[in-house]
Each structure stands twice: as structure tokens, then as C-alpha cells.
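Here come two complexes built around subunit A, the first alongside subunit B, the second alongside subunit C.
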Partner chain A sequence: MKKITLLLGTVLIALLVAAAASAQDFAEIEAILARIDARTRFDTDFSAVMTMVVEDPEQGTSKMVVRQFRRDDGDHFLLLIQEPITQKGQGYLLEGDNLWFYDPSSRKFAHTSLKETFQDSDARNADFAQWSYSTSYAVEGYGEGTLGSHAVYIIDLAAVDDTVPFPYVKMWVTQQGDLVLKVEEYSLNRRLMRSSLFPKYAKVGSAVIPVQLVFIDELVEGKRTQVALSEISTSEIPDYVFTKAYIERVNR
Partner chain B sequence: MMLTTMRVAFRNISRQKKRSFLLVGAIAFGMLVITLLNALTGGVVENLRVNFSHALGGHVFIIGREFTSSGQVILKIAPDERLDQLLVEHDSVIESLTKRSRTLPTLIFGSKQTMQLMYGVDFLAEDKLLDSLVVTDGSLEHVLEYHDAIILPKPSGERLGVQPGETILVKLETLTGQQNVGEFRVAAFIEDQEQFGISAAYAHRTYLNSLLNLEADEYQVLNMFLTDLAVLEDLARDFRLGLRSPDELEEEFAEVEEEEMGLTVTVGNVPITPTPEPEEIRPWDGTRYEVMHINQIMEPVEQMVGVLNKVALVIFLILLVVTMVGITNTFRMIMIERTREIGTMRAFGMQKGQVRSIFLWEAAFLGILGSLAGVVLGGVIALILGSITFNADPSLQFFLNHGQITFTFAPASIVFNLCLVVFTSLLAAYRPATAAARLSPLEALSSHT
Partner chain C sequence: MRRTICFILLLLFIPAGMVSAFDFDFDDLFNDDLLIEVEETVDAKPEEALLVQDRVEVGGSYNLSFRASRTKVKGFEPEDSLILSLGGNLFLDYRPNPAFRLFAKSNYGVQARKDENLTSSLKLSELFADFTYDNKVFFRGGKQQAAWGVGYFFSPADVISVGRIDPQDPDQDLEGPLALKVHYPKGSSNYYTYLLFDGLDTWRDIAVAPKVEMVMGRSELGFGAYLQRGKVPRLMATLSSSLGDFGLFAEAVVSKGSDKGFVGELGLLDYPIREEDKLFFHATAGATYSLNDPDNLFNLRGAVQYYFNGEGYEDQKVIANFREQIFHAGLFNPDSVAHVAQSDLSSTGRHYIGALLNWDRLLNTKLSLSGVLTANLSDRSGVFRSVLSLPKIAGMSPSVGVSFNYGDAYTEFGLHGERVTTVFAAVTIRSGSF
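Entry: the complex of A and B
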């Protein structure tokens, strides 16, 4: 009887130790996620020109130039399409929780969501806002590995609620510097839907952001979108830029 | 005596065939226009009602909304005793009902993709659906066996380049907007079921539900076809009242109270109301239902048709006024032409009133004949136009019945128009008739006309 009690006690202690160790490990990974989120947050205003090349096996290759204005304090961004000429003037304005799409042909604003895809590309509107992995996802597990020449953590995440488009995410983060190199996003039934690659980063003010992004549609063969950032600036942006009136004005 | 008067009036009309023909023709034209327009608008409303019901899949539509813990409003109906009870109570007037889930997913095959409305259907409960589908390729034999079977409209299949038996991916959003993907086996291609440009793919509800993050016995829309449209609004009201939850009633009551207590500032007797605050959705428990019926959808159409009918009536009245002027002038001429004849009749003892009656009966006969001719002509034209099948644009098909124009004649409206014509004819002939009646027999007999 004593032996059984001893055995059970040992197993229990082992389980508690393992759980504590695991919690400790997850805490470390959670800290990494928090650092990643913090580093993509700008203390200053941010603007850039995004050149997007969308490769679609049916539609062919198309190029889009978008001017991005971003102010993380208050969750604001404005995306103004400059090319192609047929879509010039279309804009996305984020005001806190509300994202508006403006179409100059109808001169109307329509409510849209960060979950939606950006135009016909493979990027989502949320990709142009501040990242929030640490608050939107919980760590399910992690491992260590290499991606190219980089030693990385491979982290499995599960959404904490249903407010994010992808319920499951796997990400590759460098062990040195906490740079996200690759993200795989999965459907509710855990089917790979999109892969995102971030091969190039730049330090902008206090933030470190990817300046080259590749989004691969894992469901449609051959569909992918490449995004490159240029003309990056942290100069102060006037308040009126983040208003509906401004989008209307630039379209006059 | 009246019969004699009528006989004389009828003889007078037939004596001047050409003139009578022209007057009857003018009245008939007006009557033809109004009859055809009324019948056409009536037919359009009927066709729209039938076609909308067909396209929307019922006469009564019930949707359920739930407020999720993450603050989203989702469309969902879970098994509910109140709803089941109401369905049992109204079973005698419900011809058929469908409980479906629906989504607008992206269908993917290789590098090709297309968007397609898709219904999750309980094929066993909707046993007539499979029989009603026109298969162009593949077979519906194994639909019940394969849980992941999908029936695709032919154009979507062609766009994807897929063949029956092959598997496609269906990318969709769950009710709360999360991404999900399912594999579906293409069972068959069908002709676009709707002739109105609305096409749908069909799959098993249980499988689609699993992708939408719904339970197997849940659904999103309950549609009902009724045996008798006369009970439509009563049935919808019964369901609306029967499915209303106590907190909805409380909220309604509170809203009324708020409205009553609200202070109204007036400037120059004009009430100034403050700009309403953006409506905030208050969370609720359970399911809130919305019951709609085809008449609500048809209301704006019927209003538009009502305006069209009024316009037609105005045109008709204008035509009648023109015809009245013609009738008045004609009867004045008739009076002059028949002065001696009137004198003779008066000399033989005919009273003033009888002379007036002859004229008025002539006008009434002209009105009745013209109206009847207009109605008959309208009927013939409607018959000819109604037998032509138009290969119109899908959106125009909503106004047609299997490609044909429908004319619905409303007897009450025809009788009203006929009475209007006769009345205006009498009105037009009254003054000449009175003038003829007032003629002195002596003067009339000495007249040279």
C-alpha cells in the first residue's frame, strides 16, 4: 500500500514539475510574443509607400501602389491607393475599432473589417495594423529548429476568441532578436490557408518592422502577393489625415 | 315607354354608322389603354410575387439571431420548442418548409476559384428537392451516401474546370468570421435552378454546419410555402408573437416609455429633435427571431404599381375629356340635324323629358359600346401578347411568367372604368340633350334643317 502511495505521489510530483516547467517555458514564449508586438508598435507617426505585386494564375500579375499612414496611438491608419489608375483614390481608414472603405466612384464610405482581404491580394487589412499576437493568441506549444541559417523557435498559437480570422497560427521566430521570419495561418479545422514570409526588416525609430513581405495563398495554386515598403518616414502626420474628410478631399 | 325611347336611341346610333363608329372608336381606345395598363400592372405584381417567392424559397421567412460572448451577432436557429409548437399548430396551412444553412464561399479547384451561393440542405427532409433539380452531368444517386457531396450549378462547374467525382475546396467564414476550409466531392452539375440569375449549390447541412461552426441540428433560415396566401399575414403575426421573448417585450416597453418621457423642444411649432446617437446593440440571451413574409417584400413594388395605375387613370381621364368634347360637339350637330324630326316627335305628343332621354340613351349606348369594344380589344391584344415567349434578360424574367407577359384583369376595375365612361358620356351629352328638349315644336317644324 505504501509503495502504491509512494508511486502515485512520485507521478503527481513529476506531473506538477512538468506542468510548472511547461508554464515557465510558455511564459518565456509569451514574453517573446509581447516583445514582437511591442516592437511593431510605433511611438511616433509612420508613413510609407507600399508596392504590392499580386500574382494570380487566372488574372495574371498586377501591381498596386499604396500610400500608408499609421498612428498606433489610438489605432489609426490610412491606406490610400495610388495605382492602378482604376482604383486610385480608394482608401481604408481605421479609427479605433472601425475600419472604413472609401470608394471615390460612389463617394461613399462602407464599413469593413480588419479580417477582410486587402483588395484582391493575399494580404489582409490587419496585416497593415499593429500586430497583436500576444493578446489575440495563446501558446499551444513550441519547439526549436532552423529556418535557413537562423535558429528559430517554432511556436504554435491558438486564438483566444473568435475575433481573429485565423484560429490557429504557427510562427517561426529567431532565437536571436525575436524576428518573425515566417507565419503559417490555419483554418478552424486546421488546414493551412496562408503562409507569410518576412525576409527583410528595418529599424524605424523605436520599432522594427518587416519591409518585405510575401503572402502565399496555400489553397489557390500559384497565388501570392509580395509587398515592399519604401519612402519610410516617422515624421509627424497632421491629425486631419486620419479623417474621412481628408480622403474625400484628396479625391476632389 | 322607356323601351321605345331606348329603341329610338339605338336606331339613331345605327342610322349614323360612320359617326357612331368614330365615337365608339375613340371611347374604345381610351378604355383599351386603361384596361391593358391595369391588367399589365396586375400581372406584373402577381408574377413578381410568385417569382420572388420561388427565388427566396418561400412565402414566410424566419431568421434567428444570437448575441455571442465576443459581442458579435450571428444568424442561427437552434432547436426551439416554441418554434416547433407553432409549426405544429399551423401545419394545415404550411405546404412545405425548409430549414437551411447558407453561405457565400469561394470554391477552389487547382488555380481556379469562383464565388457561389451555397445552401446546406437536409436532403431527407426536403425529399422533393433532388427530383426538382435538372442534372446536366454526373448523378444525384449517391448524394445521400456521401456526406461531403456537393451539387453545383453548371456555370460554376465550368468556371472551375472540375468534373463530377473530383474534389473541390470550399473556403468560407464561420458564423463569427473565422476562416475555414472544407473538401467537397462534386456529385453533379445542375441547370441554374432559378431563371432569374440566382443560382445555388447544395450540400448536406450537417457537413456545411460543421464548417460554419454550427451544430448538426441547427440552421439559419426557415422558409415556408403556404397553401393559401390569404392566411399569410395572420400566420406571420402568430409566429412573430409566439417567438418573441420576454426581454424583447420589456425592451419594446422601455423604448415606448423613453419616447413618451423624451422632452420635445419646439421652435415656431416645429419640433426640434436632437441628432440620434449611434444605436448601440444591447446584448441578449437566446435567439431573437425575425419573421418576414412575401407581402412585405412586395410592398414597395405594389406602391410603385399603384403610382403607375394612377398615372394610367390620369391618361384615361385626359382621353375621356377629349372624347367628351367630341361627344358634346357631335350631339350639338345631331341636335341641329334633327331639329325638324324633334319638332315632329314633339307635335305627335312626345314630352321634353323623352327627347332628352333619347339623346342621353344614345350617349349611354355609345359609352357602353365603346367600353365593351375596348375591353374585348384589350382582351384580344392581351391574349396575343401573353402567348409570346420572350427570351428576356434574367432580371426581366422576374416580371414574366415563364417568359410570358401576364395580364390580370380585375373585374371591379373594369366595371369602375365602364361606369366612368358612361357617366362622362352622359355628362357630355347632357347640355345638347337639354337644348334639344327645350326646342319649341312650332319653331322646330318651321326649321329648314
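Entry: the complex of A and C
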């Protein structure tokens, strides 16, 4: 009887130690996620021009130019479409939890969601806001591997709130520097929906942001969107930019 | 590094619409240095550059289409129609400095119908000036579109637009008022005051319409009022929000009296009856939803909206009898019904519903199907229209469709009891902007 008790006690202690070790490991990964979120957050204002090339096997290749203004303090962004001319003036204004889409032909603002796709591209509205991996996801597991010439952590995440576009995420993060290189996003039944690649980063002000982005629609072969950032600035943006009035003024 | 710079340069300079292939190896993307240096743009003030743009811009849009239809009215011979139409708009945008702009937009249309003369139209849609006080208070003066409501098919809260939403074509632009808009954004709230000048005899008749929009959580609330001498005062409230994948919207309006002329038991003999002291209440609520099917079998976008119209008739027989009376009276003596306002014959039900369903890429084909229903639930009449969009051929967008009404005689959509069915084939030959 003593032997059985001793054995059970040993197993229990081993399980507790394993659980504690696992929790410790997740804590490290959670710390990486927190650092990722913090590094993509701007202490200053941020503006840039995004050039997007959307490749669609049916529609062909199209180009879109978008002016982005962003202020992470208060969760603001403004996206204004400059090209193509048929969509010029359409805008997205984010204020905290609220995102409005502006249609210049009706001059109406309509509530929309960060989860929606951006125009007909493979990007989502949420891709242009600050990242929130540490708060919107819980770590399910992780491993180690390589991507290209870089040693990476491969992390499995599950969403803990409904603010993110996909409930499950697998991400490749460099072991040195905590840079997210690749993200795979899965539906509720774990079907791969989209892959995102972030092969180039730049230090802008206090933040480190991807300046080359590739979004691949995993459901339509050959459909992908590539984004490049230019005219990057961290100069102060006047408050009036993040208003409905400004969108109305710049429009035709 | 060199490949990255080439990639970014290629993206920046690729012409719009160019068919290109970015056939680089994705596996090679991660073999270079990850961090690159970018030069920050300083002192550019892009927000001001956007406010002046090219200083003067002239542009517009066009839509050239052809439509063939056959309309069948029960008891009559079918009527065929062939229409070639060109429509669109032209605009002038003049921006001498970031604090001022002048904007004008006109809608044009030219129609050629079988066996008829060419008809054309040109209508000023907007003509306004924008100016600002210290980039804190923003003014827009002139003829302008003004969207107050949040409803999709019905918008009783939009008390200032001149035009009304056509529930069968809810995305159509609405004619706006001649007004001075004062807009003061503060934090996430917006404060507006409109001074409205349409149909004035004296300056005392200027209407005043203040409104405030404020954010609460993931919702936006709006409250407004409409006040004009000799007109019915109105209070309105709006709500737009989201719940999961649903977009939600609602409106409520209360007015002391009504601008409509009502009908009593005596029909033409006591028309129009004015209600000046009674409180009228309008309420509407609706939702939008999009379903993106990973297999492209069921890509659906839908909208549905219910509308309670407090100015509608409790007893639908009263207004049906009136329609019948003026129909027969008008046959023999049109002058005897000339004073009847068409607006008094529409929106006569108490309960309405509008619904839209778009089925894009129908069962993973290149077809798209849409259906729009407008129904007066009070008199059980309605209109339905369905369009099947076919694959593009040489840049042209063909479609076929059917529309019909239903309801008893002299109901709102039942006309005089005859079922009107129209089948049509249409092709948008070219459309675009310049």
C-alpha cells in the first residue's frame, strides 16, 4: 500500500512539475507576443502610402493606392483610397471599437467591422490597426523550426474574443528579435483560410513594422495581395484628420 | 536587400490595371536580412496635400447600357420597350488652399427609346463651398447631399433630404437640401446644425435642424430635431451598431402633427384632413449580414428592415376606397382630383418590410442572383424584383431579370387590381470614371 501511495505521489508530482514547466514555457511565449504587440505600436503618429497589388485569377491584376494615417493612442486610423479612380475617396475611419466606411457617392458613413475584407483584396481591415496577439489570443502550443534562414518559434494561438477575423492562428516568429514572419489563419473547423507573409521590416520611430506584406487567399488558388509602404512619416498628425469632417472635405 | 528594393519599386510603379505576374519564389523571401532601412518623409504634411490635391479637378462617371423589356399587364397586350441610355455625372472640384474649396456636380442622362425622340436631362446635384474656422468648426454651404438617417430601405429619421429612398433601389443617390451645415467634431462625438433654405418665402421660414452623434461602446447614437415655422416639428433618434457578424440599425421619429393630408370616411369630400396636434411616431429597425463561404457556394449578402409608419392608416379600406374614388373621378374629370398630392397616396400602410438578398458567385459559378422585396404588410401588397447577372463578355455586363407587383385592387402596390409583370434583359456596355 505504501508503495502504491509512493508511486501515485511521484506521478502526481511529475505531472505538477510538467504542468508548471509547460505554463512557464507559455509564459515565455506570451511575453514574446506582448513584445510583438508593443513593438508594432507607435508612440508617435504614423502616416504612409500603401501600394497594394491584388492578383486575382479571374479579375486579373489591379493596383490600389491607399493613404494611411494612424494614431495608436486612442486606437485611431484613417485609410483613404487614392487609386483606382473608381474607388477614390472611399475611406475607413477607426475610433476605438468603432469603424466607419465612407462612400463618397452617397456621402454616407456606415458602421463596418475590422474583420471585414479590405475592398476586394486579401487584406482585412484589422491588418491596418495595431496588433493585439497578446490580448486577443491564448497560446495553445508551440514548437521550434526554421523559415528561410531564420530560426523561429512556431506558435499555435486560439482567439479569446470575437474582435479578430479568425479563431485560430499559427505564427512563425524569429527567435532573435521577435519578428513575425508568417501567419496562417484558420476557420472554426481548422481550415486554412489565409496566409500572411511579412518578409521585410523597418524601424520607424519607436516601432518596428512590416513594410512588405503578402496576403494569400488559401481558398482561391493564385489569389493574393501584396502591399508595400512608402512615404513613411512619424510627424504629428493634426487631430482634425481623424474626423468625419476631414473625410468629407478631402472627397469630391 | 536589392531584391526587396526592386519589389517595392515594382509595386509603386505598376500601372493600374496592368496584368502582371509576381512570380518570385515565396520560400526565398526569408533568406535576406529582415530589417531594412527606410527614409522617413519629413515636413510633408500629407493631410494638407490631400486638401488641395491638384487644386482644380474636373471629372465624372459614365454608364452606357442597353435594356430590352416586355411588360405584361393582365387583360392587356404586352408592351415591348428598347432603351439605349447613357448616364452619369460631371464634377468640378476647386481647392485654392486647404481651408477652402468649391464643388459642383451635375447628373446627366441621354435616352434613346424605340419609336420615340431622343430625350436628355441635366440636373445640378450639388453646388457647395467648404470652409473652416481654425480647423475646429467646419462649414458647408450650398446644395448638398445630407444623409441623416441610418436606415437602408426606409429612413424616417432623414428629415432633411429632399429626396426619399426608393426601397427598390436603395443605393441610389438622394437629392439633398440647400443648406448651411455647421459641423463641430469633438472627440468621438459630432455636433451638427443645419440651416435649410429650400422653398423659402421669407428668412423667417429658414428651418433649423441640430443633431448630435455620440459613440457608446460599439454603437453610435444620434439625436436630432427639425424646426421650421409653419411645418411640423420633429424629434429623431438613430442607432447603428454591430453584433457578431450582423450590422444593426434603428431609427425613431416623433412629430407633433403631420405634413400629410389625410382621408376620412367621406373620401374626396373631406380630403385633405390636417392633423396638427396629434403625436405621430415612426420606428424602424433592420440588420445586414454577409456570409463568405470558403467553398464559394453560398456567398450571401442580405438586409432586412421593418418599418412602423405612424402616419399610416389603421383601416386600410379607407385609403383603398379613396384610391378607387379618385381613379374613377379622374377618368371623367381630371380637374376634380388635381389637388390630390401623390405623396398622400404613398406610405399609407402602418407596417412595411424591405428585404434584399444577393447571392454572389452562385454555387461557385460566374452568375450572381439578387432579389429585392418591398411589402406593405398592412394592405398585403408589394413589389418584387430579381436580377440574374451573367458572366462578363468582352467587358460588357449582361443581366436578365423579372419584376412584378402583387396585392388587391387599390392597395398601395396593387394598382387597380391588375398584375404587372416585366421581364427584361440588359447589358451594361461600358461604365467607369474619369
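Note that the second predicted complex is superposed on the first by the 251 of 252 C-alpha atoms of A that agree within 3 Å, B and C clash if a C-alpha of one lies under 4 Å from a C-alpha of the other, contacts with A are read in each partner's own complex, and residues count from 1 in each chain.
Methods note: contacts are C-beta pairs under 8 Å (C-beta built on N, C-alpha and C of every residue); 3 or more make two chains touch, one makes a residue touch a chain.
Since we're looking at a predicted model, the values are computed, not measured.
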Subunit C versus subunit B on the shared subunit A, clash or fit after superposition: clash
Touched partner set for A:Pro57, first subunit B, second subunit C, both or neither: first
If touched residues of subunit A are counted for subunit B and for subunit C, the larger one: C
Touched partner set for A:Phe166, first subunit B, second subunit C, both or neither: first
Contacts of A:Val250 with subunit B and subunit C, given as first, second, both or neither: second
Partner chain in contact with A:Leu157 - subunit B first, subunit C second, else both or neither: neither
Partner chain(s) touched by A:Gln212 [first = subunit B, second = subunit C, both, neither]: second
First (subunit B), second (subunit C), both or neither touched by A:Pro84: second
Which of subunit B and subunit C A:Ala126 touches, first, second, both or neither: neither
Touching partner for A:Val180 - first (subunit B), second (subunit C), both, neither: neither
Subunit B versus subunit C as contact partner of A:Lys223, first or second or both or neither: first
Selected from 164-172, 218-226 or 326-334: the stretch of subunit B that, after superposition, runs into subunit C: 164-172
Overlapping contact positions on subunit A, where the subunit C interface meets the subunit B interface: 58, 113, 115, 162, 187, 191, 193, 219-220
Residues of subunit C that touch subunit A when the two form their complex: 4, 7-8, 11-12, 14-22, 26-32, 34-38, 40-47, 50-51, 53, 57, 59, 91, 93, 101, 103, 105, 130, 132, 135-136, 138, 140, 144-147, 171, 173-174, 183, 185, 188, 190, 215, 217-220, 240-242, 244-245, 247, 249, 290, 292, 294-296, 366, 432-434
Complex contacts: residues of subunit A adjacent to subunit B: 57-58, 113, 115, 159, 161-167, 185, 187-189, 191, 193, 219-223
Subunit C partner contacts - residues on subunit A that touch it in the complex: 47, 51, 53, 55, 58, 60-63, 67, 69, 80, 83-86, 88, 95-98, 105-113, 115-117, 147-150, 162, 174, 177, 179, 181-182, 187, 191, 193, 197, 199-204, 208, 211-212, 214, 219-220, 226-235, 237-238, 240-241, 243-246, 248-250, 252
Subunit B to subunit A touching residues, read off their complex: 68-70, 72, 108, 110-113, 169, 171, 173-174, 176-182, 211, 213
